[in-house]
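I have a structure I would like to understand better, so I am pasting it below and will then ask my questions one at a time.
Residue numbering begins at 1 within each chain, and the chains themselves are lettered A, B and C in the order written.
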């Protein structure tokens, strides 16, 4: 005597809720099942929320959503042991409507977002684990949860259950990860007064800053570190691929401690109080790792579909966009009365024509390149630092001579041909 | 058989963080939950109706609008319906004003469907007083039995209930006339993992929300802050006792010093 | 309100024996009564308990109101409440104290509701503002190292419950003189809606924290249930009883009977080990009168160090195993450092 819904969404993260919300808004009967105590309790994200994709779901969401700070400055650091070459952009236009990005804390944000879904009519159930998809003749017809009488049926099941989607694995849509397909990121939330944050990051109230760090933050391995400003706390974290971790014998929390005590970072978080430790896996495989995203009666969205652009640290926007696209396909499928793979492949097409897959395709060789050729992080970043130091140190050497010296320092260490090869390769990977 | 369970939404004191500067609860760090003792109270009601094969379980709570979450949680456990009384007039209530407000709501609930049994949790983990349950019983003039660890038997014909009440080093077996009010200990039962249909029902359920105007014959002077004989006069930090001696050094050295001290104070360890 | 005079203490008795907390409250009540210059009275209910009146007086009461009736043999809210209310309405005390036992709280809650007066639970400090004749009932405020003083300004009697072992009883003076006032009650067994069918005492040996000589207590700082085993191991090594904070009980690592603190047991052992315990005031009120307190905590600023006789700033998970090892070795060497 189990109930039947139009859609069952597994997961109440950005992908799941975007899908659930959109379906419910269009009159579909939606059941959303979340394994955590509340939406966001099991989610970890560095913290950047992208306005554009969120706005497409809820216009002017910034008026009521629990957001931390609108990001007005994005900095990038190529960090060495005691120095950093940085560049970035600060634009006050980002501090005003319609804004660009925001820093958010996942728990309050996900809860708010899920609540909006409930207001649209989504039935949200927490603290419940979906154990497997129910299938009939190869078609997904529902899910089985870990609760007594735990089977529920639906026309379509959307798997938005995160990077480690066991459900997707059970269906055979993707295999066990290779260690170079996922990154392990650890993060700490450090409480720091609003004024201190404003002072140290050169911000005013309601202005935020993000810093992406490469190089010494991951001890020269492939990966990034980040520092994001919340209202009165800082998110600081670092991540690298599992394969790098294994190869370089790194321990994630050691990396984080190293980062926190790094001379470039320590003054920013001095006096702060550690509030929370979090760790999560992030899809890193990019284009090559995207699994089958549509089947008979089933769709995959968000991290479950490995939709993360690590180079640009974009994941939550892809999650939201893919969740919305999945919803749109389901709405059309319902009109057609056809929930077969052929019908649901509308989602696949939309996805592949969107910025999501297009961007992943652009960078499809990037992770692999940077992983396989360690010199980019291990050697070029320090070299860049030394070059910059040399260039900007006033020591009486004529500028032209300095330039020559610097060029030589690059090429002498690696040989001119190798340098050109490296540059060409990098360009190809990110073009 | 109509059982009403009184429930309260409380901050989760297990994972509370104190702001060391202001010595106050960091409310951001304490999500609100269904008072654990009340969860057991609801579970007991479910157990009773299952045993006799019939019955309606209503839950009642007094709180701000977000307290609907604990009504829904109660439906997950197995309650059939829930009432929330929410109104600014109730704010600032001490236990006397709280039991008054709840008893008025119970009168209204009883009007549609006579109440046979009221079950409450022993106390709320934020106030720890345990005073509201007996207070409600007095106002409705039904006998209270507190610290219940087992409901042994319900005799519908004779309108009696057989209960085990916890006392130091044992229990009392009490027979009470129905209707009565019970306050329960956690050990009375364990919370079952709710079946999926309950979860779905709870997700759908819209609790009945009453304001003061929905209750009848309410004496407003007995509500909220106005109706509370007790108030917080002042807050103070207790006088700090003189801190003792710190044992310095690394772990080995500290343990060594401690062993010496224990040896010195050996006489304290001798049995009386 | 001016008609209300006198400090009363509810004397709880079970099987003809007065509960310790009632005697402690007479000690506290005596101080209040002296400040207010009013008599201190005990309220004694039961069946065939008149002989206890002298003990009540010996411990500080000037008067004892006693109701001795078969219907009062075992505690029941209905009968006891009726008796107390009749007495209170007739004699109008300004302050009325009860031990915060199951029965005491049950009774006080019912009485306060019928008398429409204020009741403060689990008070840890009692004082009186003499000019306004206001009882200052203080207790740890929710969630912090802060106390709140609760006042009942416009209602009488001002009522409060106090946990066992928080106040101190006076030295009994067997020659002390006092007045015994017997009152009657018009209640019959037929009026009663509850009946005590039987009382079952637990004969199995259970943990008796209140009588323990040496207590080893652990807090949430131990991390998890597995680590908490160290507390049990240390207690075994030293011959102590295990106790814990409320967090630990709420987490299910210990039963409620072993909770030390404001809503658990207040104890006064000779030696108290506070391990991985921060020292929040709700816990400290339960053990601060221990003779010799040893605290182990990672946080140098933990408030527990303020009450500890000796403090070790360090990782309990490192120190306790070492301590257990030393204790075991000392015991094997025999004799000298045998603590059991």
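Please note the rule applied: a residue touches a chain if its C-beta (ideal position, glycine included) is under 8 Å from a C-beta of that chain, and two chains touch if they have at least 3 such contacts.
Chain-to-protein mapping (UniProt): A = Nitrogen fixation protein FixC; B = Electron transfer flavoprotein small subunit.
If you're wondering where the values come from, they're calculated on a predicted model, not measured in any experiment.
A.B. asks: Name the chain with the Cα centroid closest to the overall protein Cα centroid.
C.D. replies: Central chain is B.
A.B. asks: Using mean Cα positions as chain centres, tell me which chain lies farthest from chain A.
C.D. replies: For chain A, the chain whose C-alpha mean is farthest off is C.
A.B. asks: Please work out the Cα centroid separation of chain A and chain B, and write it as a whole number of Å.
C.D. replies: 42
A.B. asks: Please work out the Cα centroid separation of chain B and chain C, and write it as a whole number of Å.
C.D. replies: The mean C-alpha positions of chain B and chain C differ by 21 Å.
A.B. asks: I'd like to verify one number: the distance from the centre of chain A to the centre of chain C, where each centre is the average of its C-alpha atoms, in whole angstrom.
C.D. replies: That pair's centroid distance is 54 Å.
A.B. asks: For chain A, what residues touch not just one other chain but two or more?
C.D. replies: Within chain A, no residue touches at least two other chains.
A.B. asks: For chain C, which residues are in contact with chain B within the complex?
C.D. replies: The contact residues of chain C facing chain B are 74, 76-78, 81, 101-103, 105-106, 108-110, 112-114, 116-122, 136, 138, 141-155, 193-202, 206, 213-214, 238-239, 246-247, 250-251, 256, 262-263, 270-271, 280-281, 288, 291-294, 301, 305-315, 318-319, 322-323, 326-327, 330, 336-337, 339.
A.B. asks: Can you name the residues of chain B that touch chain C in the complex?
C.D. replies: 13-14, 16, 18, 20, 23-25, 36, 94-96, 99, 125-135, 137-139, 142-147, 162, 165-177, 180, 186, 228-238, 240-247, 251-252, 254-256, 258-259, 261-263, 265-266, 268-269, 271-272
A.B. asks: For chain A, which residues count as touching chain B in their complex?
C.D. replies: Counting only chain A, the residues touching chain B are 1-3, 31, 37-38, 123-125, 128, 145-152.
A.B. asks: Please output the residues of chain B touching chain A within their complex, sorted ascending.
C.D. replies: Contact set of chain B toward chain A: 31, 193-197, 199-200, 203-204.
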